[in-house]
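Have a look at these structures, which come just after this line.
In what follows, chain A forms one complex with chain B and a second complex with chain C.
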Partner chain A sequence: MKEDIRNKLQNVLEDRVFHKTEDCISYGYDGSFGQHIPDFVVQVQSTEEVQSVVRIANEFNMPITPRGASTSLSGGPLPVEKGIIMDFSQWDHYLEIFPEDLLIKASPGVITGDIHKLADEHNLMYAPDPSSSSICTIGGNLAENAGGPRGVKYGVTKDYVLGLEVVTAQGEVIQTGGNTVKNVTGYDLTKLIVGSEGTLGVITEATLRLIPKPLATKTAMILFDDLYTAGKSISTILTSGVRPSKMEILDNNALNRVEDYAKLDLPREASAILLVEVDGDPTILDKELQTIKEALLQIGVDKVDIAENKEDEDKLWQVRKLVSPAIVESGYTKISEDVTLPLSKIPDMFKKIDEIKQKHDLNIVVFGHAGDGNLHPTLNTNMRDQNEVERVEDAVEEIFSYAVQLGGTLSGEHGIGTMKRAFMTKELGESGVQFQKAIKTALDPNNLLNPGKIFPIAGEERLVLRNE
Partner chain B sequence: MKEDIRNKLQNVLEDRVFHKTEDCISYGYDGSFGQHIPDFVVQVQSTEEVQSVVRIANEFNMPITPRGASTSLSGGPLPVEKGIIMDFSQWDHYLEIFPEDLLIKASPGVITGDIHKLADEHNLMYAPDPSSSSICTIGGNLAENAGGPRGVKYGVTKDYVLGLEVVTAQGEVIQTGGNTVKNVTGYDLTKLIVGSEGTLGVITEATLRLIPKPLATKTAMILFDDLYTAGKSISTILTSGVRPSKMEILDNNALNRVEDYAKLDLPREASAILLVEVDGDPTILDKELQTIKEALLQIGVDKVDIAENKEDEDKLWQVRKLVSPAIVESGYTKISEDVTLPLSKIPDMFKKIDEIKQKHDLNIVVFGHAGDGNLHPTLNTNMRDQNEVERVEDAVEEIFSYAVQLGGTLSGEHGIGTMKRAFMTKELGESGVQFQKAIKTALDPNNLLNPGKIFPIAGEERLVLRNE
Partner chain C sequence: MIDKLDYQATFDCVQCGYCLPVCPTYIAFKNEKHSPRGRINLVKLVAEEKLEIADMEEGIDLCLGCRACETICPTNVRYGDILMSAVEVIKENKDMTLKEKGIRTGAFKLALKNKRVIRMMNKGLYFYQKSGLSKTVSKSGLLKPLPKYNDLNKAMPDVILSERITNNINPFRKKDIQVGFFQGCIMDAFFKRINDLAVKIMEKHDVQVTNIKKQTCCGALQHHAGEHDMTVVQAMKNIEAYEKYDFDYIVNTIGGCGATLREYPKLFEEGSVWHGRAVKFTEKVRDISEIMSMLHLEMTEPVNMNAVYQPSCHLEHVQQVFKDPMNMINNVPGLKYIDMQDKSLCCGSAGVYNIVHFDESMQILDLKMRNVKTARPTLIITSNPGCHIQMQLGLEREGMSDEVLVKHLVEVVAEACNIS
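After this line comes the complex of A and B, so read on.
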């Protein structure tokens, strides 16, 4: 049978079909962990090719997993039930801007950073800015509804998708949404499919919304003596009347990792730092940072350094950008969590993570997009140390449970994938999961599109790090 | 059988069940047209009551249509297949603000204007501002994904809904989303249900996002000698680097109706006027309007009047607010269309509407939210003049077809309801409609929730104004 499938795939894609283990092995991982070798890898380059592959998959009842640059931190592109990896990275030929309509159209393999560049050339902005934007593809951003630092003011990927071309599980092409910001013509399939992790349809083109590019930015670094006040300052800033464009937090641990890694002369003793960017007309930015400074003084926070010039500002943002590389440097497996909380609950979560860290004797680095309550507690794990692995699994479960208890959510921007599916029922309840499953079953009755993601697997009640 | 249902409903709701024609008749209309008398009206006041009513409806296979203040312009709350009207207007007891989390929780019968007021008291803003906000309910806004003038900068209702409590077609309660701006935990049911016009579930509570309230606003009125330039100016303004918070257009016809109605000393000779509001720090607003003024000069537009003070500004916005009352004044039936276009296509639509007006000898007033391409061509129809009614039907069809041809959409913010269902296939194609229907069938297999809305009815190929 495998030969029959191969022949059919090769009829459509010729030499863009791979089946040997040595060719397929590098398509079996992503930015999370675990390795799953697919039966086939196909490199699609057109909507028609996607349709043909989906039809062949239907004929042989073989799973399909779409894949971009695979920077996913939740297992989105892992072919956990084997089958066909549909690689979009070779399909990047279409990227067009319509400046008068304030929109861009792109094929799924386009690098997100290229979209930023093109918009920028026209004095416009594509706002979503996942930290991996220089290497990730827009297709992956759409699948996972990627976020980024600008989320606090500008929202996430979903907020900038006006329309999609989608190949359904049956191989039909549909258009969702369109070219307009307002659209209430039927159900909002665009926002249903963005973030559905490739489980409801295969995205083959996106129409993205642009906004006028802010004229300037200015950044302040705020130092805190304790984590609780750092957490509290977030609501204080957001209710001061100013709308920051970025608000990123690093705890002492994250700060020191970056300092070890890059020697930037950072205040190693601070319990946490907050980087706050405001954007807009240059004449107003100083005044806005002043407003924030005064609001913080009211809660006893007085260490606010405002970047004097562009160079200083870039240096501050360098700190945030180096957190992940600094953590990866250790060589151990990096488990990036993604809990998101109501703003007022951030201090509680910081306190809890500190307790968990002590209790399980673990090294947990906390950083994240403070302004939208999105924290990334990150654990480094030596996967050869079974005892440590189990402590990490316990810690992750405790963090999730507490997030849900605080009215937060398991994932703000990384997606559920394989990493968080075991916790879905905890957050959504049985009826909530069933409601979601009804949609999946209606649109993909044979469960061919990226199976093994989002929905809990029977018997799997927690994150299991060592299951290969 | 009707007696059995009545008894069961009364067991739950006591004297909040109506069945006599004289009691039910006023629940059979909305802001569009057509009258449909339901079998029952029930006034629900809790989630449990909603669940009970849904279960009774299931038992007797009786349709349910949720209803708020019924300002809908698309037929959303009309009980076109009779059954039970679930009236939410008596359920307004829950409205709570969580200022530190920047959110509000509300039960469905709360008046949208009360949400604005509560947010305002805390220096926060609930951004969606449908023109009917002083009388409409948040439940209706959620059902139809209501928009409003601030859409150009701040988006629509959907962009401010973080979570919902929903009673499913089976009478189960589910929670969608949560209390956080970022949330990718499974499919985005919140954004699927908002705008689904009560066809996928009954919303019983909403968690709404607030943002810092802008410190000030400033408004300019721009006069145009021809409609084409008016249309072109919209893209010009939006690519000038400034992000207006409102951009409303009135054509000569709309302008003169308002002047007839209210005597505001308006420039009757202008082909169109554009009202542009900017918001933010007061020290920057003049500069921003100046930037817009300069950009417009480049395309030959030089009549820009900037409001000197708050009073002048209020007077300008009065003009926009009086358009609908001025049209209603005629006494004829008002058909409000809601086409939405890519920004660069607005001039073409103005030209087309002018042609259609001449061709069918009709009076068409055009106004709308220019900044997001959302126009409301509005026709006054004497329903007793069969010949005119047919010309209106033709005109509406031509406007819709042209909008779709230009890459636009049938409805920007009013919804599909009964008014536009005949045109759905034209915009979405057969596969697109089937994809939507698969979701409806999966979640509401017995088609009990607001039947007759959104989906095309066999044989109905255009808007039929006189079908009662």
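After this line comes the complex of A and C, so read on.
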């Protein structure tokens, strides 16, 4: 049978079909955990090819997992039930801008950074800025509803999608939305598909909204003596009348790791630092930062350092950029989480993570997009130490549970995938999960599109990082 | 297998994929198996005995070893170490094909180790070119059985007859900086002129240059072929030879050899005596561009050309020398610098890669030449002999060799300094 499928796939895609283990195995991982081996990898490059592959999959009842650059941190592109990996990374040829309509149209394999560049050339901006934008594909961003630091002011991927072309589980092509910001014709299927992690349909083209590019940016670094004030300052800033374009926080652990790594003369004793960027007309940026400074003074925060020039501004952002390299210890694996909370609950979460860290004797640092409550507790783990891995699993579970308890969510921007599916019921409740499953069953009754994702598997009640 | 492969280092990889857009083989071959992330994963799975050695062979074999992935990697994965461990394991487990055997044994065991053989090679090449035979060969198609090597033949540089190494110490002149020169073997055989110019530039600017007799091949090509023991022997010879002198720096003009010299400590166990000696040696190793940047060069002659820079991968990604060559280029009077797209992408030369994997190498070269054509230079500046030949080859293949010159950075600076 495998031979039959291979022949049919090769009839459509010729040499863009991989079937040997040594090729397929390289399409069985992502930025999270687990190694799987798909039966086939197909490198699709047109809507017709996607349709043909979906029809072949239907004929042989074989699962399909769409995959972009596989930078996912939640297991989205993992072929957990084998089958066909539909690799979009080589379908990057179509990218067209319509500056007068403030639109960009792109094929799914286009790299997000290339969309940024093209928009920028026309004095426009595609706002979503996942930190992997130099490598990740727009298709993956759409499937996972990717976010980024600019989320606090500009929102996330779903806020910039006007329309999609989608191949259904049956191999038909549908259009959702269109080319306009306002569009209430029928259900908002665009928002249903965005963030559905490839489980409801396969995205083959996107129409994205652009906005005017801000003229300039200015950045301040704020130091805190205690975490509680740091947390409080986030709401203080956001209610001061200024709308920052980025607000990134680093806790004391993260700060010290960066200092150990890069020796930037950072204040090691600070409980946390906050990097705040404002953007827009250069003549008002100083005034905006001044407003923030005054608001912070009201709650006793007076250590505000404003970058005087571009060079100093870059230096400040260097601190944030260096977190990832700084926290990786040789031989240890970095596990990044992305719980998201109502802003007022951020100090509670910081406190809880510190407790968890002590209790399980783990190496945890916290940083993240403070302005939208999206934190990245990151655990450095020796994956060869069985006992430590189990403690990490416990710790992550406790962080998830507490986030839900505080009215937050399991995932702000990474997605559920395989990593967080065990906790879905905790956040959505049994009927909430059933309602979502009903949508899945209606659109993909044979469960061919990215099976094994999002929904909890019977009997699976905890996070498992161990790779068998 | 876990002990033989650098299994420990594979855990530093978080599979984020930042290496994909900078990997020439991933761009050219469009298969994740040919990406750093893919290769690291293959090595890890082989170490865990979940895959056979044969499963990683193609992926590892076709890696250029350019190490651009190390510069971009946000978690500092020691890709070079992982790669070399895999090359050694594959080599142990496989009888090399006859073709490779011919090329490799010839080159490594005899030629590179032995300065006399290299001088003979140099002589042979010199007379081959002087006698006009090279033109006859090129024109007559004598190389017909292997037509694909024809352009490579055209791309070979003119050779200057290499002389015995002379000791340049002049006791009557006290100089500010004392350097030991490292001439390299391919460089010395094919590009002796460039070494000579480098020495002249330094001497003109009050650097005391000494070329010592006991130096030998740096060991790069042996190392890349998985010949660990041979590499260690070469390294020990060189360390021994240079530590007898009190040099401020040990200078070379070859991105690739310099990288190997700078990685000598990795060949020895940490804490061992030889490791210590290697560290001391390595601390002094500098690329010629770093030395030239220290000097106040009298560049008076304009070089009126439009130039792109094709950096040596190992100069950038292993030696981490980025700024100094650019400083030099920007200071050459009359020279107009064009920033070529993806200039740091490997040209596909990569040691003996363009001989052992000719077709794949040409696929990578084609990517490079597309960017060269867009930039429309009249000069390509290089920093390594392998890249030099490969870029010349690219120009031959594109029929551009009449319009565009290839020069080592040293040649350009020498011209500006009126040194010939």
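Definition applied: the second predicted complex is superposed on the first by the 463 of 468 C-alpha atoms of A that agree within 3 Å, B and C clash if a C-alpha of one lies under 4 Å from a C-alpha of the other, contacts with A are read in each partner's own complex, and residues count from 1 in each chain.
Going forward, a residue touches a chain if its C-beta (ideal position, glycine included) is under 8 Å from a C-beta of that chain, and two chains touch if they have at least 3 such contacts.
What you are looking at is a predicted structure, and each value in this text was computed from that prediction instead of being measured.
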Inset, instruction - Answer with first, second, both or neither: which of chain B and chain C does A:Gln35 touch in the superposed model? - result: second
Inset, instruction - Go through the superposed model and pick first if A:Ser196 touches only chain B, second if only chain C, both, or neither. - result: first
Inset, instruction - With the two complexes superposed on chain A, say which partner A:Lys182 touches: chain B (first), chain C (second), both, or neither. - result: first
Inset, instruction - May I ask you to name which of chain B and chain C touches more residues of chain A? - result: B
Inset, instruction - Using the touch definition from the top, say if A:Pro66 reaches chain B (first), chain C (second), both or neither. - result: neither
Inset, instruction - In the overlay, answer first, second, both or neither for which of chain B and chain C A:Thr340 touches. - result: first
Inset, instruction - Considering only touches as defined above, state whether A:Gly75 meets chain B (first), chain C (second), both or neither. - result: neither
Inset, instruction - For A:Gln43, decide between first (touching chain B), second (touching chain C), both and neither. - result: second
Inset, instruction - Spell out the part of chain B that touches chain A in their complex, as residue ranges. - result: 98-103, 122-124, 144-145, 147, 151-152, 155-156, 158-159, 168, 172-176, 178-189, 191-192, 194-196, 200, 211-213, 215, 235, 238-243, 280-281, 283-284, 287-288, 340-345, 369, 372-374, 407-416, 420, 424, 427-429, 431-433, 435-436, 438-443, 454
Inset, instruction - Within their complex, state which residues of chain C touch chain A. - result: 8-9, 11-12, 14-18, 20-21, 30-33, 35, 38, 41-42, 45, 50-51, 54-56, 58-59, 74-76
Legend entry - Interface residues, chain A side, partner chain C - complex: 18, 21-23, 25-27, 29-31, 35, 43, 69-71, 89-90, 111, 132, 134-136, 324-325, 328, 330-334, 383-384
